[in-house]
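Below is one structure, written out as structure tokens; the observations come after it.
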Amino acid sequence: MSGLPLMGLGQDAAQKLAGVSVEDLPRLKGKLTLYLGRGEGGLYERVIDAVKKRNPDLRLSIRRGPTAALANTIVAEAKMGLVRADVFWAVDSGAIGLVAGTGKARKLPDTITSQVDERFRYDNWVPISGRIRTIPFHTGKLKAADVPKTLSEIADSDLTIGWAPAYGAFQSFVSAMRILRGDEATKKWLIATKKRAKSYAGELGAVMGVARGEVDIAFANHYYTLRLKAGDPDAKVDLAFTNNDAGCLLNASGAMTLRGGELAQNFVRYLLSREAQSFLASEAYEIPMLPSVTMPKGLPDLADIHPPKVDLAQLADLAPTLRLMRSTGVL
Amino acid sequence: MKLEIDKLCAGYGKATVVENLNLKLEGNEILMLVGPTGCGKSTILRTLAGILPVTSGEIRMNDLRITKGNPVPPEKRHIGMVFQDFALFPHLNVEKNIGFRLRDKSEVKHWIEVLGLESHRRAMPQTLSGGQKQRVALARALAHQPSLMLLDEPLSNLDAALKDSLRWTIRDALKEAGVPAVWVTHDQDEAMSIGDRVGILNQGKLEQLDTPENCFEHPSSRFVAEFLGDASFLSAQLQENRADTPLGSVPVIAVDCPPSGDIQLLVRPDDFTLTESAEPNAQLIWSRFEGGSRLCKVKLNEGGEEVKVRVSHEVQPAPGEAVRLDVIASHPLMAFRREGGHSCPPAS
Amino acid sequence: MTRWLSRYPSYLLSAVIAVLALAPIAVLYYLAKGAEVYFSEETWRILKNTLLLTATTVVGSIVIGVPLAFLTAYCKLPLQRLWVIALATPLAMPSYLGAFTFYAAFGKGGELEKLIGLTLPRMEGLAGATVVMTLYSYPFVFLTTRAALRGLDGNIVNAARTLGLSLPGSLWRVVLPRVRNGIAAGSLLVALYTLSDFGTPAIMQLDTFTRAIFVEYNAFGLDRAALFSLQLIFLVVVVLVAEFCFRSVRENSGHCLSLQPSRAGVAFSLIPVAGIVALAIGLPLLIFGIWLKREGAGDFDQIIAWNSLKVSLIAAGVAVIVALPVAYAATIGKVGRFLERIVYLGYGVPGIVMGTALVYLGLRAEAEIYKASEENPEVTQFLEKWGLEEPFLYQTLALLVIAYVLRFLPLAVGTIRATLEKIDGNMVHAARTLGAGRSEVFLRVTMPLAMRGIVAGAALVFLETMRELPATLLLRPNEYETLTTEIWLVYEAGYFGRAAIPGLLLVLFSAIGLAIMLAGERRAEKLLLHQEES
Amino acid sequence: MKLEIDKLCAGYGKATVVENLNLKLEGNEILMLVGPTGCGKSTILRTLAGILPVTSGEIRMNDLRITKGNPVPPEKRHIGMVFQDFALFPHLNVEKNIGFRLRDKSEVKHWIEVLGLESHRRAMPQTLSGGQKQRVALARALAHQPSLMLLDEPLSNLDAALKDSLRWTIRDALKEAGVPAVWVTHDQDEAMSIGDRVGILNQGKLEQLDTPENCFEHPSSRFVAEFLGDASFLSAQLQENRADTPLGSVPVIAVDCPPSGDIQLLVRPDDFTLTESAEPNAQLIWSRFEGGSRLCKVKLNEGGEEVKVRVSHEVQPAPGEAVRLDVIASHPLMAFRREGGHSCPPAS
């Protein structure tokens, strides 16, 4: 079974979407500086190690850090006209948007951008892996069926909710809601939900909160739950999804090149290779951008989920979102 | 109040510093403890104060019986202690120091007046001179109306001029308070002039405990004799209760020595006269001006022993000069068994 | 003026250092421009939380630190030094780690419940934050108070007792008032640490300035983050002034009091000691152990440990060298004290803020160099001659060390000043009459006598550097991973097991640092009390 | 080396402590500076050492001319200083202390031997006794071959027993080094026995500068007379160079007083004899045991003045007893203009 829906695509397109194998990619030579947003505790590392192993002549220098910190750093570098990063691989499209705003991001060739589904095509960056907003729920208290199917229902329900307002992904989620339903509705929703909401430092914390039964459900990226269960299979938590609203927003980590033309671009190609993608899916539980690659286990076929259509680049503008969250006392 | 010490031993950890100490103290008597450094004076006071535990023996204060088994903490002993380094509370002014634990301040007022501290009532300790500090320390101890006073070299951090006057101030204060006191000092003059009784300590043992006069004139041992003022020793032959010396025959009292034969006589600088006479019997080595008088060291022609002699400051003999030495002591001299050493200054 | 400076060269130096310390704040000002200033009730809530947390933490640290200081300074306990070290090691634990383990250990379904079955109250909010912050910052009060206590003349307690005051009474009435300075100095560090720490409030869900700064920063609202930072720094200034006004009389030291508690007393007094150590160090290690067992260690590259050690040692070294003139200046006059205060600001600036500021400074410097070398070839030749190639400052170890020094300098300055103040002036006069000039005297007499403070200061900086995270993340060179960055990397991705080994190493190294520091203290006590001994 | 001080003034900030000091010092002479606390002794030494700036006047050391305008730092003055609190470097052992700035260690070796410190070569200062510390401090100063030595109460922190012996050790060492020395002390006995010359300071002014004997026997002022040992004053009528006293007529020298009429005579305890005779002329107030002798205070029946008398320790008069007082001084007594006060102890 395949990742993204293929219906309505020509054979050649299908071929393209099957993805490229590293075998067919050019060898990488020379010096390359990669700013690696977060790093998934070494998982992205292992992708990169694999790339290095294949390309002994590649002198890769990696800067690891919180996505936001690296984005801010690149902005500072741009201000001073001293960009040091060749490639920026960020877990959060907001960060991508911020850097794109500096105008330092190079345009990527179609041969790269066109590898992914058109919903994810941008001209100066390319998504590497997807993550989807989910509703983790406590399996002891609820059945999948009991979990409301829309955000509004959640707001009206009497379920206790765990969330992490300080966390970037949650803020993107609120931004998406603003884009989809406007500030007023979002504000109402926040105020309504806040009554039964409990704040956590990060979404991992929120998911753990659910597993402990502190709250009935939470808002979190999908992979936290999957990883928690991988570590502790009988954890009392499972995933539910809302339908076609910000609650199941499909967000992405992405890569962009800022310097070092060919080499940088080819590096990105490696990240989009079939091997890299399937590794990310199986080990990091992230959603592959290549239709040909199987989804991480524990995650339903995306065909059955209906993510809203949002221009991820818009998610970069967080200021109004924060103001909204502040004014409602959520943050 | 009555203090009795029975076979007291005390020390630090394994090391016993004070051995088998016995003494009694009553009324308003002042007992001076003297001895060279490290002989255990402070240790005794610390033990009496309860800062140091008793190793064995017993201390009785009025109805308190303090033993190893029954250690009484300092605060329960009703003693006043004056420390060498004053130990004033640096964060309290003079008045507050003196009245540290007193509800009614009349005592404070009284001792401030007695010790002439009126003008320093509000001063902080570190702004006071040594003498003033020590008077505050004394006032503090007395104002709390102890039934026994302990003074650990109260004057040793003060300058000569001050010592002389303050020593009497303290004595009068103690007598006025009417409590018995144990006063530790290094200074034999201080001990002999102030003390009702003097105890001479040597390596933790009490060598002699008696009135200043007796200790000075009838020392129970060479150590005591040497410690209490310039002592010289003169070889002589004892027979019955007279002795033949290079300076003629003199009456003696045998202290510890064989009934007859070779002995040494304790002679003090004032037991001699020094004159420039026709038949000299000694030679002057050096003379030191002492203000009122002059201390000379002379070498006997016969036997070549050296003795110290005190002469009036008007006599001004030159080193090397031949002189005539005569014994004028009207009292009998003390006889000790002969030893190698000639006279030597105490300790150091 | 110039004569004045030439008379006090240390003033000149510390003036320069003070200016450097102010540079980051200037950057903040530049960044904050354009941010719309709003004082919503949010701001007031944040302010309230910040002040509350600071107050409760300071109080908590005093309540824990001072009694422990008395105990370890005056009572003969078995394994004395071991306990002292153990009690100081919480300084080595990054508070966000502590906070997270407490968060995970307590509460319903927490690790402790899984372990021992009974449910403990959750650790969160003001209470939780206070507990954690206190546990990981009380050692400041503990160490400064202990040092002060050991400097006091014990005879004064004996005097108080002979006046009929019980031992506890004496300690309360004649000892405590005299160590006010020590307690205040420690509390100052605690307050600054609390104001600038962001991990704990974030995890404990307490909305303080640092958390607000963090959120804004992550939401790319750098200008608003800077604005919050400036407001925070204002608080820091207030705290500094408060401590400055708080001075009690100086006195000369004497023989330290030494008490021999009974067996029961020893046992009884060891209970709280062991309890604190178990809570602050034992619990986190236990939790890590559990995760380690559950998830495996993963592979750990020891170069990381070496990186941490290296940079921390360099930072400690540089810090004490820089601290010497500042501390010295502080001992000779009012101006010096003022300059010293300015330097203290650095410890109140959150690491993430200091980091951002230095990113800009570093880049700016770098840009200037490039510009210069483009404009005239001499510069280029000069750079080549000295084998200097990009990066010159930005993303080099140098800039990272500078950040550490600016942040942790106060720790070194404080301890060094304390020892300098104890040195007898005649010592210097004697050396000079023997024909030694000012500088020789400083090198051959003053320095060795201040060694205790220098060692202690270096140790403190070492500890703080070991556990520093935010600035490290922003400023380290590419590929330069340290223990804390490693822990961050795995912990925030949820692979707790892998945080165990680096966490353990962190505690281990720091314990060693503390051991060295206390050894120095021992030796110094002998030297400085030479009058009283013999 | 030659030291000359001209009209020197020095002090702290506004306060002038030392006023208009003049003196010369040469060869290996030892000048003792005495005076009550706070009179400015240390200030003078500090100024000579260069620790304190000159306010006005001039100091000449060999070819150095030190004035306000030309302050020479301590390290350029070739002086050695010995401090009251020793000021040894606690981090260096004895040898390293003594050889602090010396390349060739022969001097170190020499002074270690001279001062008998062989066995403490490697000892750290804090393990030494006070006396040893002070000898190390002295050795350190001398080993650096100063051309002038300054000693600020080198003995005041030591105990009586030690003072007496160490005082001579130091003197001999200074004489051997053959440098002039200014030695500050509180202790008039120390000053008079050690000094080649003695300078008596009073509130920053030099009252008299002369040999010990002259200072003692011919004091230039009441202050000097009182400071250098128990002085009493006896009212008398001066005519020519004799004076009528309640104790009969005695030869006098007029120091500062009218050519005739009411004056007071300086009398010292040794100028009298005290006997229990048929016709008493005085009454005993108190007597203090001094070891070798006994100091008594007696009140004259005629005039009721009080004077101090020293008697042999064998005489033991009781307070209140009627006694006979006679002047035995063979030297003429010093006459001063009459003042209110009877005799009083120096300072405090």
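Residue numbering begins at 1 within each chain, and the chains themselves are lettered A, B, C and D in the order written.
Criterion: a contact is a pair of C-beta atoms (placed from the backbone, for glycine too) under 8 Å apart; a residue touches a chain by one contact, two chains touch by 3 or more.
For each chain, UniProt lists the protein as follows: B, D = ABC transporter ATP-binding protein; C = Iron ABC transporter permease.
Treat the numbers as computed from the prediction; the structure is a model and nothing was measured.
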| item | value |
| --- | --- |
| Steps in the shortest chain-to-chain touch route ending at chain B and beginning at chain A | 2 |
| Winner on C-beta contact pairs when A-C is weighed against B-C | A-C |
| Whole-Å gap separating chain B and chain D, where each centre is the average of the chain's CA atoms | 24 |
| Where chain A and chain C are represented by their mean Cα positions, the distance between them in whole Å | 38 |
| Chain centre separation in whole Å, for chain C relative to chain B (CA means) | 55 |
| Euclidean distance of C-alpha centroids - chain A vs chain D, Å | 92 |
| Multi-partner residues of chain A (each touching 2 or more other chains) | none |
| Pairwise chain contacts, counting only pairs that touch as defined | A-C, B-C, B-D, C-D |
| In the complex with chain C, residue positions of chain B that touch it | 49-51, 73-81, 83, 85, 87-91, 100-101, 124, 126, 140-141, 144, 146, 150 |
| For the chain D and chain B complex, residues of the former touching the latter | 36-38, 129, 131, 153, 156-157, 159-162, 164-166, 185-190, 192-193, 212-213, 216-217, 227-230, 268-270, 288-293, 310, 312-314, 316, 330-331, 345-348 |
| Chain B contact footprint on chain C (complex, rising order) | 153, 155-156, 158-167, 174, 177-178, 248-249, 251, 254 |
| Chain D partner contacts - residues on chain C that touch it in the complex | 424, 426-427, 429-437, 444-445, 448-449, 451, 526-531, 533-534 |
| Of all residues in chain C, those that touch chain A in their complex | 40, 42, 103-104, 107-110, 202-203, 205, 207, 211, 214-222, 294-295, 298, 352, 356, 359-360, 363-364, 366-367, 370, 391, 394-395, 473-474, 478-479, 481, 485, 489-490, 492-495, 498 |
